[in-house]
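The following blocks contain the structures, represented as structure tokens.
Presented sequentially are two complexes of subunit A, the first with subunit B as partner and the second with subunit C.
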Partner chain A sequence: MGLKGFILRKVVAACLTIVAIVCVNFVIFRMAPGDPVRMMFRDPRVSAENLQEMRQTFGLDKPLSGQFVAYVKGLAHGNLGLSFSHRRPVLEVIAQKIPATLILVVTALMIAIFLGVALGALSGWKSGTKLDTFVLTASLTMYSIPTFALGIILLLVFAYHIAIFPLGGMATPASLLEGPELIWDVLWHMFLPALSIVIWYVGEYVLLTRSSMIDVMGQEYITTAYSKGLKKFRILKNHALRNALLPVVTITGVNLGFAVAGVIEAETVFSWPGVGRLVYDAVSHRDYPLLQGVFLLFAFSVVLANLVIDLIYGYIDPRIKVST
Partner chain B sequence: MNRLSNKIEKLSVFLRLLFSHRMGLAGFSVISLFVLMAIFSSFLGTVDPARTGAVENILKSPSSGFWFGTDDLARDIWSQTIFGSRISLTVGFVAALITVISGTLVGLVAGFYGKFVEEVLMRIVDFFMMLPELPLMIVLAAVLGPSMWNIILVVSLVSWPTTARVVRSQVLSLKERPFVEASRCIGAGSLRLMFGEILPNVIPLMFAQAVIMITEAIYAEAVLSFLGLGDPTSISWGMMLHFAFESGVIARAMWWVVPPIVSIVALIVSFSLLGTAISDVLEPGYKEKKGF
Partner chain C sequence: MMKKMNKGTWMAICLMGAFLILFTFSPNALAKKSRLSVGFTTEEALENLQTGEAWQYTEMGAVFWPLVYDQLWIMGPAPDYEPLPMIVERWETDDYLTWRFYLVKNAKFHDGKPVTAEDVAFTLWYLPKSNPAWDYPDNDIEDKSSIKVIDEHTIEFTLAAKWPGKYPPASWMPVLPKHIWMPHKRKLVNFENKKCIGSGPFKLKKFKGGEYVWMVKNKKYWGEVPAVDEVVFKSYGSQDAINMALKKGQIEFIGYNGSSPLSVEDFKKTENVDVAISPGIALVWLGFNLHKENAIQDKLVRQAIMHGIDRERLIQMVYLGYAKPADSFIYPELPIYNPNLPKYAYNPDKARQMLEQAGYLDKDGDGIRNDKKGGQNMSFEFLVPSAWPDEVKLAKVVKEQVKDIGIEIKLKVVDLDTYYEFIYTPKEDKFDISISSEEPGPNGSWIWEFARGYNNGGAGWNQAYYDNPEFDKTLDAMNAETNLEKQKELTFKLQEIMAADLPYAMLVRPDLIGPYRTDKFEGFVETMGGLSTWINVWSYFKARPIK
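Then we have the complex of A and B:
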């Protein structure tokens, strides 16, 4: 088998998952109550002939099998249908919102992973001490608070009552800022939404790194390193943490699915103009095509991110190269 | 008779361990308060939580007439908070029950039969676990329409795979144990082996899973309602926050936001504490460490 077989298997699995997602997406969409054309043109003055014409345009008069073929063909060409509420192609609406979400997610995740791994390693290293108990309890609590509830608290406290942060959005409207000032403005707007994602995530990473660290610390090579007379910090950095990080890498892929949830909640509370906020708007307008498009985007990104992480894992864990 | 008393003894040891665990006791106490609140809602709530009031009572701050104040339709926040516990706990318990039973069945069958059956079932489980949970729940809830039972259905549909996976790996190790082998030798059939021999040994695990699932279901209900996918006629805590958020006056009406947030966080944190305590107590060797 070796590394090549490992990569091939992961790529095939990811492709099959994507095919399955496409099918599930089609089925859910057909479950939607009511006539999609009627949903799009709610005006009762639209005549029956016109509706029939629209049905033909969208291919809704064909049998289900024909509709499925048309849907897959459209998807292959990047056609996700028309958004009911924006009256524009779904892909166009979503593509416009992706940069804002990426900026928020990448920043929040990087901070959370760094803080979480550092605190978790420390906590696992000093396990059983007061510091450990404190970090553990704090992480469990932070991990249990829903992101949207935390977001509302942060919004009320730091944007309304002590008004040091903006109420929402991504930049001060009509401010015509440029260069470093614009970056500063965006960072200022991003602080609270990013914080509400970070707090949840830090808890998760602390718990993970801590338990993985405790596992590693019981291994014999750590005892060997001690008996060689190495400095404590050096053992922590070069021997323990390096191996303790392996499970943390795998779980980052699994976690992306949850990160999506945090993004939807934080973006909704802070009106961040990204894909997550789009979900909220699509729900309130019952804009099914848009909702389906966003779902596909999230599902695809999670599958792809997992594939990338699996491949990285195959690369950094030498055991995969020798065994299956 | 001997078997029964043995079971009761085991249960009492488990409960004593759980209540001597600080997190377990704290979690259990707070949850009990909420359960009492849900049972006696009709006595504790002063008025019908969904009844809109007179215009002059709109957005009143807390007073002797309205203990927690009123919302933008002059509905009583105290009663909404009290009755909200019913929705959260119902969704939590029912969804967890469905999830754990269906997940256990799938895990049991997959682990016991192995081979082709296991391969197919576990591929389905892997597929579901790969999908981002919240977006899937949102799409399903939006398509099915707003109601508490739909939320329960959606949460169960999305969360059974975790249990299936955990139960399967337990079953894999259980079916190799001598007592299963012995039972097979005296001619027990597959059903008898699965439900009579293996299942009783999975029950502690199911219990631990149930607590985790309750926590997740309560969380999911709160988020879905907050996003506007809940039933607008039965007001849950998430729904209260949705209304407050949509009204645009949350900054001026702290009394409207604080009770649902405190309730949601308190209930979820308590269930996670209880869950942590249960998995500690079920850990092999814990009993001996505590001197039982």
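Then we have the complex of A and C:
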């Protein structure tokens, strides 16, 4: 199968996954106990007419099959429906929150990948030394601290005791900052939440890169490279690290998607106004359209990231194209 | 020489002018504005400016709109909680059915348009009919013709039922500008209301959903202009973050619900921080589902459960001593509180004896009594919302305590929305006992609707499925009684019936732990519930910078 066939197969698989997710997405939230329309009313004296009006507004007066058809039709037109709790189009609600999450996740993940791969490669390269022991212990520790606890500790140390960072939010509340000042302010606010994500992910990348590096270092082509008299750094860069990176690339694809969904805790602790908080509220309000929209976004980002990884995998490792 | 001197003088003047301009517009100069910052958790924060339930049931919303919108009248501060005119000069009624309010003549909305009786009429008719509704017994008007605009500043309306008592009707209701809301009258709740034009003492400057609300004082306010220049409601990710913000001076006090009893000693040691321990506004009680066919339907079982609960121990274990035992929907400091109610003192021996005598015995020797009707274990599902950590703890302690009298409790911890859906549909039998909490406030006659029988128009709030015609009759009589002394007697009787029947078993009234900064502002007003609640926005009106 040629490159075109390989790409086509991967794209079709991704599309099928999305279709499956759309169906599961629709069913799964409706299995939760409780009537979402009743939940829109904190005042229990709501009249039957008002309940019915609300059901009609949100299309919940139709049978499940009718709701599903309307949902799929809406999706085909790029319409994710109307949020129960926000009373606004889901797309608009998500679009308002997604930039904050993306800024946080992409920045944190990039730093984590860079640091994790560098430290992991170094640790694997210097396997068995004191440096390796130190990096390994530190990474295991970082990887095992719950994000929530880590967030609180960071707040306590850096925002309260040393007081060099803010206690939360994305920018200084009630300020009229603009331009570079605003960018600086956002970066200042982002430092701690990003650090909490970096600390968690860097441990993962170090452990993965290190173990992959140790595997590669035992391969015959590394011995050959040594026997050819190549310089150590060149062997590390061109022979060892490139091969050791394959599993790292795979996990990065998965992480990119999961990170968007996984920042809920960091966003909660640091009151970062992103999608994570939105999910929490949507779950508690049984906001089906919003949940469907957000989870579709999460699923789409995981599938897309994996598709991209699959495609570039073929470039990084020619054996994959051959085997397909 | 003269020429040179002139040049120098001019240069000096220019330099001084430049400094003056720089100083005037520098951040330091801007910082001189007095800003009262108040902290909320992100869960309590407003996500949008739409009216409706967000204003009524989110903590930030309930304090926000009374700053930006005027009300006809407002609850006065403690200890008397008198009804005080807000945007009206006075009100009058002859029969407690038809009410006439006289508006102040110089009130204007933030956009400069005058506040008139037309605005009040619009609000009175359309706000209670929005969906979800802003609907209370004291703004129940059956038809539009019952609202009459007498002149530009006089409005008269006739209620569906008499509203006698200390407080006039149409309480806690924003006066909306008709010229802005009219196009949205059928769907008031959907109106985005981005500018939030009201006529209140503060104006909205900037709003970021879930993050902050920035208000500035309305310098052209028709009444007493606030002393603080700005009020900012900030949201924080956790209670810990709020506590840290307070200690660091980033906020002056906590916007709602105060802090945990665990933090009291810590705050007392903090420089420039004082702690107001106020009587709570929230009451916590057990709600018994009397619809479900089991032993809970037996009044004696409910009474035995109450004797099996050690409320003093509950208060020590859950609230670290910062709570008082409760026995009525009415707060003890109010004149309508009946001091002679049964107290259900902790007495497990008596509880066991009551159950034995009534035939609830442990027949199979498993430590749990058996229902005398079906023989099944007296095991009850106890519904608690996960969002109320203190009440979850309380439920766990109650579970252990009633185990001693041979009753098993199974905790059913659910999210808050599911909890509300379950408790307000007792006929669906999704719980046996629930923990409940409300904030009736001093003007809390609406709370009695929680016990009005389903056969007497009492659906909705009656989460116990309680049905007692004598209670309903007394409630109707109390609502119609215009003589305050007689009305008080009837309120006493309602309390007696409820304390005897126990559809709801009152447990505790948690104190409000309200830490506040003392270094920048003074004049905060403390009422039941602390410095800032839906009945108390006086702290914002009365706070002033310390000179």
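To be clear about the criterion, the second predicted complex is superposed on the first by the 294 of 324 C-alpha atoms of A that agree within 3 Å, B and C clash if a C-alpha of one lies under 4 Å from a C-alpha of the other, contacts with A are read in each partner's own complex, and residues count from 1 in each chain.
One rule holds in what follows: contacts are C-beta pairs under 8 Å (C-beta built on N, C-alpha and C of every residue); 3 or more make two chains touch, one makes a residue touch a chain.
The shown structure was predicted, so the numbers you read here are calculated from the model rather than taken from an experiment.
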| task | Once the structures are superposed on A, label A:54 by its partner contacts, choosing first (subunit B), second (subunit C), both or neither. | result | second
| task | Check the residue A:127 against both partner chains and state whether it touches subunit B (first), subunit C (second), both, or neither. | result | neither
| In the superposed arrangement, which partner chain does A:169 touch: subunit B (first), subunit C (second), both, or neither? | second
| said: Per the contact definition in the header, classify A:288: touching subunit B only (first), subunit C only (second), both, or neither. | reply: first
| request: State whether A:17 touches subunit B only (first), subunit C only (second), both chains, or neither. | output: first
| message | Looking at A:67, would you say it contacts subunit B, subunit C, both, or neither? Reply first, second, both or neither. | response | neither
| Which holds for A:270: it touches subunit B only (first), subunit C only (second), both, or neither? | second
| said: Looking at A:156 after the superposition, I want to know if it touches subunit B, subunit C, both of them or none. Which is it: first, second, both, neither? | reply: both
| request: Using the superposition described at the top, list the residues of subunit A that contact subunit B and also contact subunit C. | output: 33, 152, 156, 160, 268-269, 283-284, 286
| message | List the residues on subunit C that touch subunit A in their complex, please. | response | 35, 37, 42, 47-48, 50, 53, 56-57, 131-133, 135, 189-190, 205-206, 208-212, 214, 230, 232, 234-238, 240-241, 244-245, 247-248, 250, 414-418, 420-422, 424-425, 459-461, 463
| field | Touching residues (chain side subunit B, partner subunit A) in the complex | value | 127, 129-136, 138-140, 142-145, 215, 219, 222-223, 226-229, 241, 245, 250-251, 254, 257, 261, 264-265, 268-269, 272-273, 276
| Where on subunit A does subunit C make contact in their complex? | 33-35, 38-46, 50, 53-54, 85-88, 96, 152, 155-156, 159-160, 163, 167-170, 173-174, 267-273, 277, 281, 283-286
| query | Tell me, which parts of subunit A touch subunit B in their complex? | reply | 17, 20-21, 24, 28-29, 31-33, 140-141, 143-146, 148-149, 152-153, 156, 160-161, 254, 256-258, 260-261, 264-265, 268-269, 279-280, 283-284, 286, 288, 291-292, 294-295, 298-299, 302-303, 306
